[in-house]
C-alpha cells in the first residue's frame, strides 16, 4: 500500500508517520508539507533521523493521486475540500483528518467554522470514520471524514447509554480536558511553554467547533435532536484527552447494569477498554496507543451517571484512528500496525 | 501578634510561613511539626534559608496557647478537634485549616470523613471562615473553620446566582481541576512525579469530601437543600484550582445582566476579580496570590450558564484565606500582608 | 520615584512590574510596549487585572525621560543603544537589561552579537550592575548595564575562588541550565509547550553570547585573561538557572576552607546564601525571589572543585537585580521591595 | 523464548514488559514483584489492561529458572547477587539490570555501593552488556551485567575519542541530566510531583555510584586508568538522559575529522545515530526508543571537544538494552522487537 500524507509536518501528520513506519503493509511515498518543501523530513522531526530519508513535497494532488493508494490529509480546515475531485477519488482513497466532511449539514459546518465549503457535493458520500460504529460503511468508502479528537472520546464514552435510551440527552454536559498537542504546531504566544505550563483554562466555552460534530453523532445514536454543553480545557501535558460527562438517568438502572451494557457493546472491540468497577480512566494509561479507556459512575444522590473516557488525542483521536480506517478500507485486520502498547511513564 | 502553626511542614503550613514573613504585624513563634521535631525548619524548606532560624516544635498545645495570640492548625482531619478545649480557646484564637469544624451537622461530617468527631461541642461556635460572606461573624470568633480549597473557589464563583435565585440549584454540576500541591506532601506512589506528570484523571467521583461542604454553603445562599455533582481532577501542575460549573437558568437573564450581578456583589471585594466579558479565568493569572478570578458564560442554545473560577489552592484556598481571617479577627485591614502580585510565568 | 519601562510586555519587563507594584518608593508611569501600544497592560498580563489600569505606550524616549526618574529597558539587543543620548541621560537614569553596555570592548560585542553598536561612546561610562561587586560604582551611575542571567549566577558562584587565585582559570568549565522564560515571549516553534516539555537539550554550544560577558568579569576578578567553555541547556520549567562549574585547584585547600572563603565574601550580602555543607543549590528554593544560593564540593579524586549556583533568572537574573541597582542609585536600602520569599512549591 | 522478570513492577521492569509484548519471539511467563504478589499486573500498571492478564509472582528462583529461558532482574542492588547460583545458571540465562555484576573489582563495588557482594565468584564470568562494544562476549554469556543508564549514554558518546587517544582522559568531565523515572517508583518525598516539578538540581556530586562504572569502561577503551568528574542532575521530565562531556584535545584534529571518526565507529550500529554537524542531541528525539543520538562540537578557543549524547534512560538505558542483549544471546537480529519509533511530542 502506497501512502501519501498532506500536512506531514504537523503533530497529527507526523504521528501518522510514526505509526506507519511500523505498519507491515504501508509505505509512505509522499511527505507533503507546504511549509517545508524540499527540506528533509528528519530535519524537522529529529526523531526520524535514520528512519526517514525523504524530503518534503508540495501539494501536487494530481501527481500524488496517481502514486498513492491512499492519501491522508492532516491539514487546516478547508484544504481537503479544495483538493477532492472526481479525478482524485477515482485514482485513490482519501482520509481527511480535518473537519471538512464530518458534518452532513453544510450550513452547520459553515456557521461553526466560518468558511465556505469548497466541495459540498462530496459531503453526502463521505463516511464518518468512527470505526467502532461505522465499520461497514468505511469498508467501501472513497472518502473518510476522520473524527475529531474530542468527538471520538466523547462519543465512545457516551454511546451505549445514548443508544439504549438510558440517559436524558437534554441534560448531557461534556467537560473535556486536552493536552497541548491538540493545539497544533503553529507558533502562537498562547501555546508557548511558559504560557501553558503551570496553567489550566477553559476555552471555546459554548462555542467550540467540535460541539456540532458531537451533537450530530449523538443524535444518530439516540434518535433525538441532541443539544449539549461542551467545554474543553487546556492541560499542561503533551498528549491525552479526558472526558467527564454528566447526564440524568431516565431509567432505574444500577451502575452494575450500566457497566454490563458497556461490556456488551464493546466486548469485541480491540481498542475500547471498559475499566474495572470504580476505576477512573487516566490519560497516562493510554499514551502512545490507540486505546480508549471508558468507565461510568452512578451517583444515586443526584440520579446522574458520570461517563468518563481517556484517549491519546494524536492516536485514537487523529492518526491512529486514521490508520484504523485505512486498515478497514484495505481489508486488513483492524489493529494491523496499531498494537502499540501504551507508554508509561 | 504572635502566631503558632501546628503542621508547619506541610504545603499549606509552609505557605502560611511564606505569607507571614512579609506580614507587618505577625511574628511566628512556633513552627509545629510532628514529623520534624528539633529539626531546623529551613532544612526542610530550603526556600527559608536565612529567613527562618527556628527549629520545629512538637504539639504542646497548652504551652503554645499561652505563647500565641493565634494558632493555625494545618493538620490532618481530626487533629484540631482533638486539641481544642475551653482552656485553649480562653487563651488564644484558633484558625483550623482542616475540615473538622466546617460542617454543622456532625453526622454528615462523620459519614463523609469516616471518623468520629472529637469535639462536637465546638462545631456550633466555629465560624466558617469564607471571609467575603461571613466577615462579620469572623470578627469576634474564637474558632475559625477555614474553608476547603474546592469549596472556596466553587462557592465564590457560584454564590451570586445561588443567592439571587437565578439558577436551578438541582441542575448544578461542578467540574473542578486542581494542581498537585492539594494532595499534600505525604510520600505516596500516586503523587510521584512520574505518576502525575503527563496525566489527568478524575478522582473521588461522586464521593469527594468537599461535596457536603459545598452543598451546605450553597444551601445557606439559596435557601434550598442543595445536592450537587462535584468531580475533582488532578492536573500536572503545582498550584491552582479551576472550577467549571453548569446550571440551568430559572429566569430570563442575559450574560450582561448576570455579569452585572457579579460586579455588584464583588465590587468592594479586594480579592475577587470579575473578569472582562468573554475572558475565561486561568490559574496562571492568580498563582501565588490571594485572588479569585471569576466569570460566566451564558449558552442560549441550552439555556445554561457556565460559571468559572480560578484560584491558587494554597493561598486563597488555604493559607492566604487563613491569614485573611486572622486579619479580620485582629481588626487589621483585610489585605494586610496579602497583596502578593500573582507571579507569572 | 517615577519609573518608566520600555519593553514592559516581555517576561523580564513584566517581572519588573510585578516587583515594583510592591515597592514602597516606586511608581510606574510608563508601560512601554512596541507591540501592544494602546492596549491595556492587564489585557496582556492577566495577573495584573485590578492592579494595573494603564495602557501600553510607544517609545517616545524624550517625553519619557522628562517624566521618569529612571527608565528600565527590557528590550532586544541594540534598542537601548539606539535610545541613549546626552539629552536622555541628563534628565533620567537608565538601567538597561539588554547586553548593549555590558561588554567594554565594542569589537567583542559586535562579534558575538552580530550587530553594530549604535552608541559606543557610552560604553565606557556604563556601570556593569552586578550589585554585590560594583555597588560603589552603581551609586553614582547614570547608565547601568544590568548583567545577563547566566553571567550573574556563574559569576557569583565562582567569584571568591577566582578572586583568591585558588582555581586554575584555564580549566574552568561552566555547565548551565535554564528555565524557558529565559528564551523570551516571542512566538517561535522551538519554544512551544510540546517542543520544550519532556525535553532537555544543550544550545549555543561554544557560541553563546553570554560567554564573553562571563569571561570579562572573571578576568577582572582573577587578573588573568580568562577563556572558558560555557554550555547552556534548556530545561522544561518556567523559571530558574542552575550553574555547575568545574575547575582544578591551584592550591591545597579543603572544602571547609573554601566554604569559609565563601562565607567570608558573602557574609554581608542579603541576597547571596551560602548553603550548609553538602547541600546542592536547587532552583525551587529561590523561585520568585532575588536570592542566589551557592555552594561548593571538592573532589579529592580529581583535585577539582565543583561550584554550584541557583537563582531565579527573571529576578536576580533580570528584573530583581535591576531593581536592586535602582535602589542603590537612589540611596535606598538595597533590598527595598525585594524581600520576596521564595515560593515553593 | 520464555521470559521471567523479577522486579516487574518498577519502571524498568514494566518497560521490559512494554517492549516484550511486541517482541515476536518472547513470551513473558513470570511477572515477579515482591510488593504485589497475587495482584494483577494490570491493576498496578493500568496501561496493561487487556494486554496482560497475569498476576504478580514472588521470588521462587528455582521454579522460575526451570520455566524460563531467560530471567531479567530489575531489582535493587544486591538482590541479583543473592539469587545467582550454578543451579540457576545451568538452567537459564540471567540479565541483571542492577549494578551487581558491572564492576570487576569487588572492592570498588563494595566501597561505592556500601554493601557486601553476595556472589563475588560470578563477577568474572559476567559480561558487561554494552552491546555495541561487547557483542561477541554477550553471545555466549550466561550472566549479563546490563549497563547503567548514565554509563551507557556517557560511554557511547565518548568512546571513539577515548579509543583513538584523541582526548586527554585526565581532563574529562561528564555533566549529566536525567528524567525522573531514573529515580525509581519508590514513595519518597523528594520524588513527589511538587518537589521535582519546576526544579533542577545536581545530586551525588563527586559521589554518584555510576562513576566507577564509567571509569572502568573508559579505562578499557583508552588503555589508561581513567578518573573523572561525573555530575548527575535531576530534570523535571519523565524520561531521557542527556550527557554533556568536556575534554581537552591531545591531537590537532578538526570537528569534521572527529565527526568522521564517530561516523566510522558507528556506521553499522542500528541504535547509534551520529547527528548532522551542528545539531545537539535532544532527549525528545529518542523518547520511547532504543536510540542513542550523539554529536560533538570542537571549541578552538579552548582546544576542548564537547561530546554530547541523548537517550531514553528506560529503554537504551535499561529495558531496551536488556532486550538487545537477550536478542544477541539467542541469536536473533539485534533489533528484533526494538524498532520502536521515538514518540514525539
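Things to note:
A, B, C and D label the chains in the order they appear, each numbered from 1.
One rule holds for everything that comes next: a residue touches a chain if its C-beta (ideal position, glycine included) is under 8 Å from a C-beta of that chain, and two chains touch if they have at least 3 such contacts.
Small disclaimer: the values here were computed from a predicted structure and weren't measured.
Common neighbours of subunit B and subunit C, listed by label, are A, D.
Between A-C and A-B, more contacting C-beta pairs join the chains of A-B. Taking each chain's centre as the mean of its C-alpha atoms, subunit A lies 36 Å from subunit D. If you average the Cα atoms of subunit A and of subunit B, the two centres end up 38 Å apart.
Between the CA-based centres of subunit A and subunit C the separation comes to 46 Å, rounded to the whole angstrom. Counting only residues that touch two or more partner chains, subunit B has 11, 181, 194-195, 197-198, 236-239, 282, 284, 287, 345.
Here subunit B touches subunit C in the complex through residues 11, 14, 18, 21-22, 43, 45-51, 181, 198, 238-239, 273, 275-276, 279, 282, 284-289, 291, 293, 339-345, going by the rule given at the top.
Across the complex, subunit D meets subunit B through its residues 11, 180-181, 185, 187-189, 191-198, 236-238.
Looking at the complex, you find that subunit D touches subunit C at residues 171, 173, 175, 177, 179, 194-195, 197-203, 205-206, 227-229, 231, 233, 235-240, 242, 244, 246, 280-284, 287, 297-299, 301-302, 304, 306, 308, 310, 345.
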